[in-house]
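Listed after this line are the structures, all set down as structure tokens.
Consider the two complexes below, in which subunit A is the common component and subunit B and subunit C are the respective partners.
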Partner chain A sequence: MLEFTLPSLGSDMDEGKLLEWKIKLGDRVRKGQVVAIVDTSKAAVDVEIWFDGTVHELLIEPGATIPVGTVLATLLAPGEKAGTPATGRRKVSPAARKHAEALGIDVDTLAGSGPGGAVTLADVDATAAQSSLGRQAATSDRQAEMRKAIAAAMSRSKREIPHYYLSEAIAMERAQAWLSEANAGRPITGRLLMAALHLKAVALALKKYPEMNGFFRDGAFQPVAAAHIGVAISMRQGGLIAPAIHDVGEKTLDEVMRDLADLVKRARAGSLKSSEMSDPTITVTNLGEQGVESVYGVIYPPQVALVGFGRIAPRPWVDAAGWLCVTPVLTASLAADHRVSDGHRGALFLAELRDWLQQPDKL
Partner chain B sequence: MKISYREAMRQAMHEALAGDPRVFLMGEDVGKYGGTYAVSKGFIEEFGPEWIRDTPLSELGFVGAGIGAALGGMRPIVEVMTVNFSLLALDQIVNTAAVLRHMSGGQFSVPLVVRMATGAGRQLAAQHSHSLENWYAHIPGIRVLAPATIGDARGMLAPALADPDPVIIFEHAQLYNLEGELADDWQCDIARAAVRREGSQVSVFAYGGCLPKAMQAAAELAEAGIDAEVVDLRVLRPLDTESIAASVRKTHRAVVVDEGWKSGSLAAEVVARIVEDCFYDLDAPPVRVCSAEVPIPYARHMEEAALPQPAKIVAAVKELLNA
Partner chain C sequence: MTQDELRKVVLATLLSIAPEVEVDELRADKPLRTQVDLDSMDWLNFLLGLHEKLAVDIPEADYAKLVTLSDVLSYLGARVR
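Here is the complex of A and B:
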């Protein structure tokens, strides 16, 4: 028997509210499949399961708020037989099924109070009443809750993490020229954004400087080989969220771009996956669009570094031949954890990042 | 005015006999003896042996004679002592009375009323106690009534006699001594079921001798905080599907009480119609409370155990509501 527990979807989460089951008794699930939707203080998150199995029991009702680590469901491992034989189709009264369908409630997520555990009209009504309350509460409290969560995480960061900051002005003429050329033949929807180049360049630079990528936990640094880059996305109603694009280093620019667009869309629609919430190994924030020249970020614990990008703007610049000219310039910054790395390595990392952005065709 | 079911039925027949020279009563012991259940007591003295006719013990013969009289323009009321004995007259009722309009292309009608006692509860054993209403309710061409209240006992006979086709009236033997107020507006139709008690959580369908039991069960359920609706089927053929469905759509649960045996019963027919018409309104599977599938026993305790009882109805409802 396998236990599926409520995962922590970020260092600032210690409880969550189960909004909806995406599985029902007897379902076969695969590792990585979205099995539930859990409301954290920041967003409703699609929670993925981390093993294969067959759903044996759903222990928590939608609507319940439970601490991280609570067993949500038990599953039979592949090949494992249940102690009691499966009873076949769930008992749901026809009236309850029809009513639930009209209300958009999945009857398989309801507990039955009727004879033999059958789901009845009353059960559907009770859940409908509860979830409409929950939804109201969710939207009205969401902003306040998110503010609280950000406050907690950032306070912890500034309290625990000895930040050091570096910055580097990077000539972006080549990157811009390459990007214009690459986008020339593309439809608007297929165009690359500079943000994708930034992310890929960060991922490639991390390969050489792995001490920027990973977690600081229990007094030790745990490096992570893959670059799961958390992208800071500001929410329309305020606050921000930084879900991950996985394995950026192994993806093509087109793939990174597609993932970025998808992530922003889903973050704002409130359908992020649990792995995206809990996996980021480093965060990238980009405030260029807001017009600032540079940004020095606060590290999101337990990560150990944050890369910030400002606006690309024309600046006076001395070129390779020693001539003064005007060229588009980007200020990249690094906030890093001094417990894990030193300014020297940080500087080399930023230089590596700069060099990658001079070779956009290799990204 | 408070009267008995027997008196209500007697008044209805008296009115018919006095008001229409075509109406006469015929059957075993209806004359000199005053009727097996004393419904026609005093009639032979008042109306004479021409109109109140004692017959030999031959159901086949006297029901057939009644059909002949009806074809000849009379409005006979034929009394059969119990539904068990009526089986001897099935050929006349099913093969003649029920089909003549159809087989004559509408040239003949059989305006016959057959009254018969039905049901158990009086220690009359297996040959006098059965409930075979469903046998007749199966047959197209006849109307089957089950008056279960004082009002229906008083009111159903007149429209039955006015019906141009055969009508069978089942009088549950346990009801004759039932006493109650006869409302001024006792006139009634012979087409619709009747809601005898409004309720919201479960519909209890019953007819004939089971109606008072269902009402008693509903009263007990009310004390337990369960709001049961009681629907009197009244007309067993053609069943008032519309009223049945309306009640189920309101309460979403159905218990059907029937003194017949479950297998092939009227209760089975009612449940089938509920499922056909109200499937998506049902919040629980329909339940039947019927007689045990044995010949009705003679011993009192065994007879009681074999029949639907208020306690069984209460238990069925509670189980349905998981209460």
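Here is the complex of A and C:
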């Protein structure tokens, strides 16, 4: 028997509210399948299961708020037979069944309050009301809840992580020229943004400096080989969220761009996946669009580094031949965890990042 | 398409990206992106939305011409049938 527990969807989460089951008894599920929607303080998240199996019992009712780690459901492993046969046909009043079908509610997921645990019309109504109320309340309280969640994570960061900060001015003439030329030949549906180049360059630089990528947990650094880059996305109503684009280092620029566009869209629409919330191994924030020259970020625990990009703007610059000129310049910054790395390595990481941005055609 | 119809399409597209915008408070002669706080991803999505609805391709080189809402309307007005 396998237990599916409520996963942590970020260091600022200690409980969640089950909004909806996406599975029912007897369903076969595959690893990575979205099985439930859980509301966190930041967003309603599509929770993916991390193993294959057959649904045996759903233990939590939609509407319930439960702590991280609570068993939500039990599943039979592939090939496993149920020790006791799964509950037989539920007693459901015909009116309740009809009503539930009309509302798209699965009667098997309901607790029955009628005789012998039968599901009644009232049970169906209660569930329907709860789930629509849940969604509404989720939107109106979200800003306050999100502020609290950000406060908790950032306070923990400043309390626990000895940050150090570095910055580097990077000439962006080549990257800009390359991007303009690439986009000139592309239809609007395939256009790239500079942000995609930033993300890819960070991922490639991380390959050489893995101590910026991973988690600090239980007093030790756990490096992660893949760069799952959390992208700080500001929400239009205030607050921010930083879900991950997975394996950025292994993706082409077009793939990174497509994933970034998709992620921003889904973050704003409130349909992120659990793996995107819990996986980021480093965060990238870009505040240049708001016009600031540089940003020194607060690391999102348990991550150990954050890369910040400011605005690309024309600045006086001394070129390789020693001539003073005007060129577009970007200030990249690194906030990193001194428990894991030193400024020397951080400086080398930023230099590596700078070098990648000088070779946009290799990104 | 009349100028009025075009304006409706443009504003509807804008609202799909920035639902909090009060259309009546928009100044047609002031830079759109700063009034509405559109970052480059929002801007790209805005232009993509216009492309889908109006079948107008807007080359990146023309972005500089599209500063205010009036600019956007006249640019599109000259290209939409």
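Quick notes
The criterion applied here is as follows: the second predicted complex is superposed on the first by the 328 of 363 C-alpha atoms of A that agree within 3 Å, B and C clash if a C-alpha of one lies under 4 Å from a C-alpha of the other, contacts with A are read in each partner's own complex, and residues count from 1 in each chain.
Going forward, contacts are C-beta pairs under 8 Å (C-beta built on N, C-alpha and C of every residue); 3 or more make two chains touch, one makes a residue touch a chain.
This structure is a prediction, so every number in the text was calculated from the model and none was measured.
In the superposition on chain A, A:187 makes contact with subunit C only, while subunit B stays out of contact range.
Of the two partners, subunit B and subunit C, it is C that touches more residues of subunit A. Contact with subunit C, but none with subunit B, is seen for A:237 once the two complexes are overlaid on the shared chain. With both structures placed on the common chain, the touch criterion links A:264 to subunit C but leaves subunit B unconnected.
Interface of subunit B with subunit A (complex): residues 252, 279-284, 319-320, 322.
The residues of subunit A lying in touch with subunit C in their complex are 180, 183-184, 187-189, 191, 193-195, 236-237, 260-261, 264-265, 289-290.
Considering their complex, residues 93-98, 113-115, 118, 120-122 of subunit A touch subunit B. Within the complex, the subunit C residues that touch subunit A are 18-20, 37, 39-41, 44-45, 47-48, 51, 57-61.
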